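Here is the structure we will look at, set down as structure tokens.
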Amino acid sequence: MHRTESFAQSLRKLSLELQEVDFAQRGYHAEILLTADTLRDFARLMLEAEYFLVFMSAVHMSPAIELVYQFAQFNSQSRILGRLFLDADGVVPTISDIFQGSNWHEREVKDFFGIVFQDHPNLEPLILPEGSEDLKPLLKEEDKLKSCQEVSWQPAEAEGENEAAEPSGSEKS
Amino acid sequence: METAVLYELLRMLISVVLVVAFVFINALIMGYLERKISAHIQRRPGLMEVGPHGILQLVIDGLKLIGKQLIVPKDADRTLFRAAPLLSFAPVVLPLIVIPFSPKLQVRDFDVGLIFILAISSLNVLAILMAGWGSNNKYSLFGAMRSVAQNISYEIPMLLSLLAVILMTNTFSMQGIVQAQGKIWFFLVQPVAFLIYIVASFAETNRAPFDLPEAESELTAGYHTEYSGMGFSLFMLAEYANMFVVCSIATVLFLGGWHGIPLPFGAYSGAIWFFIKAYGLMVFMIWVRWTYPRTRFDQLMNFCWKYMIPFALVNLLVTAVLVKL
Amino acid sequence: MPELTKISQPHRFFLNMGPQHPSTHGVLRVLLEMDGEYIIEPQPVLGYGHRMQEKLAECRTCTAFMPNTARMDYAAALPYNHGYAALIERMAGIEVPPRAEYIRVITSELNRIASHLLWFGALLLDLGAFTPILYSFDDREQILDILEDITGSRLTYCYFRVGGVSKDIDDKFVERTRAFIKRLRQRFDIFEKLVTGNVIFINRVKGVGIIDADMCRRYGATGPVARGSGIPYDVRKNQPYSVYSEFDFDIPVGENGDSLDRYMVRMREMEQSLRIIEQALDKLPEGPYRGKIPKKIKLPAGDCCFSVEAARGELTYYLVGDGSDVPYRLKIRVPSYSNLSVLPELCRGMLLSDLVAAMGSLDLVIPEIDR
Amino acid sequence: MKNSGYFRELYVGGKSLIIGLGVTLKAFVQPIVTVQYPREKLEITPNYRGHIELVRDPETGECPCIVCGMCARACPSDCITVAGEKKEGEKKKTLTKFQLDFTKCSLCGTCVETCPKGAINYSQDYNIAGFTREEFHYDLIKRLEEKG
């Protein structure tokens, strides 16, 4: 699905670009770099393209926290990972009005990382008890924090394997 | 003259003591049967520890319940909360007075025996309502409200089905009704009325599949959520005694009361037949309980208004016409 | 959580269902705003069984996290084992011998049946029938006995290892499993007669809690919940992992998306699982049950995910490695979490009795949601 | 509601109820499948994973543990404490302390698998109960001696 021309075109309109990755190595078919401005438009596009939100979460790294949105489709093999690096001001819009399922995911991220989602209907603690707003258990300590490069695939390696293994679902999309 | 009154008083006193004792014994028997039958339906041994095959378990349980503290919730209405179990207990003792276990074994035969029973047994609802309201618990209140609605609606088809039998016997006296069945038992003549009565009696006694007032998966325990110790056990006693009352009425009205093949126990054989029939029906009620899921409230009401009442009315009409002919 | 004073209309009130309630199965709390017996606004309150598994994963080596995976969905722990083992294998590039994969599939499917049998009983318990759970437990015990014989435990299995499984299956296992398949097929008849055909049961679940395909998409509901809504989505077919592509099985789907459809989907899924087990037993290859793995498994820098079909839906592990043997971040996407998030929209305006039926048909395992 | 549906519903529903009663009646007369647990006990599978215990070498009768500490390192929950000392005149270390904190153990079996000498194995104890946490801090050497 994500390989069709019309899908790529709609992405280009949002000035976003999809990057194919090696499924056998990473477990998802493509990744995409989002920004806080394009997130909501992208989510709307995904809903129209009949994707569902598998999960959304965050990874604490330097220089910024990375939000991860994974989308997949019910009727074809297509799994897309959206990455969003939080700006310095840390403002990120909610997509809980587009994908209602992200409501709880965003609340959970708020619990664990303290990220505030703009216009979220209810950011009360979901999993942690009330009054634990300062806990933010999944934020890394200074000495354990790694930089973005240290926890990403090394480009040369990934490219080489990308050609070798063609994702098995290509004919279906 | 005076000795006759004294004799009658003494007789009444002894009978009432016996009746109350019977309510307790009945609860023991039914508790044991319920647990044992449910166990075997579920292919497990059930009670085994106290006495041979756990036969004394219920006695021990009773002692335990007596020994327990009766906890009254903080914001409960103490008077209502305390009075409710007692009130639920009284109306199940009274009907036993007019039930003829055998031609002679009956405390008192009233001319309006059946009406007396029906009038008294609807008091039970009041007790449940008091318990539900007095507990100051939302779940209890739900249970109580359900119970009231259910009992009142199901009283209609129940009465209509009983009325069909009354039309045939022309008497409300329990003795008279049994005597009228010397040749043929009424469940053969009135199968529809019998079925309606049985279904309605499930609802009247709050037994599964109509156990909505105490639906434990929805309302934790319904109206007796907050009760402990003796308060709880009085409700249980009342439930089982209530079952016995409705099953006795069914035995008297449809299954020929004490009639049956003569047994070699002389005067007692009538009573033995009566108990066999009544307890047979109760075992059936237990069997049903451990087979079906619970109905939903609106479905219960729909069933009453859409099926039970029309059928009971038609049945009554047909009976009236046939009797007149 | 709404405050208890914020009641929109004077005759409405709050009903607290759980965390200790017979039909919330575990420690789920649902705060219900009620109008009589009608639910105006249900609000699940989570976290009573929270253990911060994701943080625990960051504090130990990737192989040492394996026992924890079984503690999330205790009713079907092996798919959780499977997903995690496969994730580490994918990340570290470890080959798994085919026999191990077959053993994984067989035991996972057995576990799935055990989970569905438990759900079957629990749903009927919610609906007020006591007996079916005892019957289904009878069969479930057989599965637990079979699995205990090879895994050593009955519920929280830690049987899969990175690169294989911890113990080989023997002829006795194969024999017992075949006998069980035969037995369960006969037992389906009892369930059918006692429950599926029962008019009271059908009336309780038919048309109750309708989830349509669009709702599944918006909430990310997967597994039998999505399949009940007519979406033929099953990770085993959609994105075949392990050796599932070698087996012939169907994905049962419903039409209306009501509780009855979800019930039927799970009942039919058990039969499909039996088919998979049968085929796997027939094809079971010889060979080692555990592959060669490096002494210390290093996770490369980068992220990776692995999805499996757990008993309740899609389970996705998302792991970020940093070149050491300790995961930098592990996100566990649990199916019940998304399935439960449907509840507020699903149960608005419902009767309390229907809420119990709808929640039972979602097949929730609370420790999995809380993690 | 249509008239034909009205009676049909009654008939189908009633029939299903009677079939249901038949199922439970059949189960009622069938033999029971459970056992009275404390009176009757089922045999436990030899592969059952209880808490770990030290084993003796069948030939020497000694515990083959070499105090390498592999099990303690492999344990995900750090519930094993091993200590040994090197006695004079002996080549290898002798085990002096082997403690298991069973309150933390998750029965994963990693320790048994990593042991190079096969010195630990699963016990068959399954009905364990205690009143304090300390009762579950097992001294496995003592247990081995008690076993004889």
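Order of writing sets the labels: A, B, C and D. Residues in every chain begin at 1.
The rule we apply is simple: a contact is a pair of C-beta atoms (placed from the backbone, for glycine too) under 8 Å apart; a residue touches a chain by one contact, two chains touch by 3 or more.
Everything numeric in this text was worked out from a predicted model, so none of it was measured.
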Smallest count of steps, each to a touching chain, taking chain A to chain D: 2
Centroid-based (C-alpha) most distant chain relative to chain C: B
Inter-chain centre distance, chain A versus chain B - centres from mean C-alpha coordinates, in Å: 63
Between chain C and chain A, distance of the C-alpha-averaged centres to the nearest whole Å: 24
Distance from chain C to chain B - Cα centre to Cα centre, in angstrom: 44
Multi-partner residues of chain D (each touching 2 or more other chains): 17, 20, 23-24, 27, 33
Per-residue overlap in chain C, given as positions that touch at least 2 other chains: 131, 135, 138, 194, 198, 200
Two or more partner chains touched - positions in chain B: 41-44, 290-292
Chain pairs that touch, as defined at the top of this document: A-C, B-C, B-D, C-D
Of chain A, residues touching chain C in the complex: 24-28, 47, 50-55, 57, 59-60, 68, 70, 72, 74-77, 79, 81, 98-101, 103-104, 112, 124-130, 137-138, 146, 150-154, 158, 169
For the chain C and chain A complex, residues of the former touching the latter: 1, 46-47, 50, 52, 54-55, 58, 87, 90, 213, 216-222, 226, 231-233, 238-239, 300-307, 314, 316, 318, 320-323, 328-329, 331, 333, 337-338, 341, 345, 370-371
Residues of chain B that touch chain C when the two form their complex: 38, 41-44, 138-139, 142, 208-209, 211, 215-220, 290-299
Of chain C, residues touching chain B in the complex: 13, 15, 21-23, 37, 124-131, 134-135, 138, 194-195, 198, 200-201, 203-204, 351-354, 356
Complex contacts: residues of chain C adjacent to chain D: 60, 63-68, 71, 131, 135, 138, 145, 148-153, 156, 158, 161, 166-167, 190, 193-194, 197-200
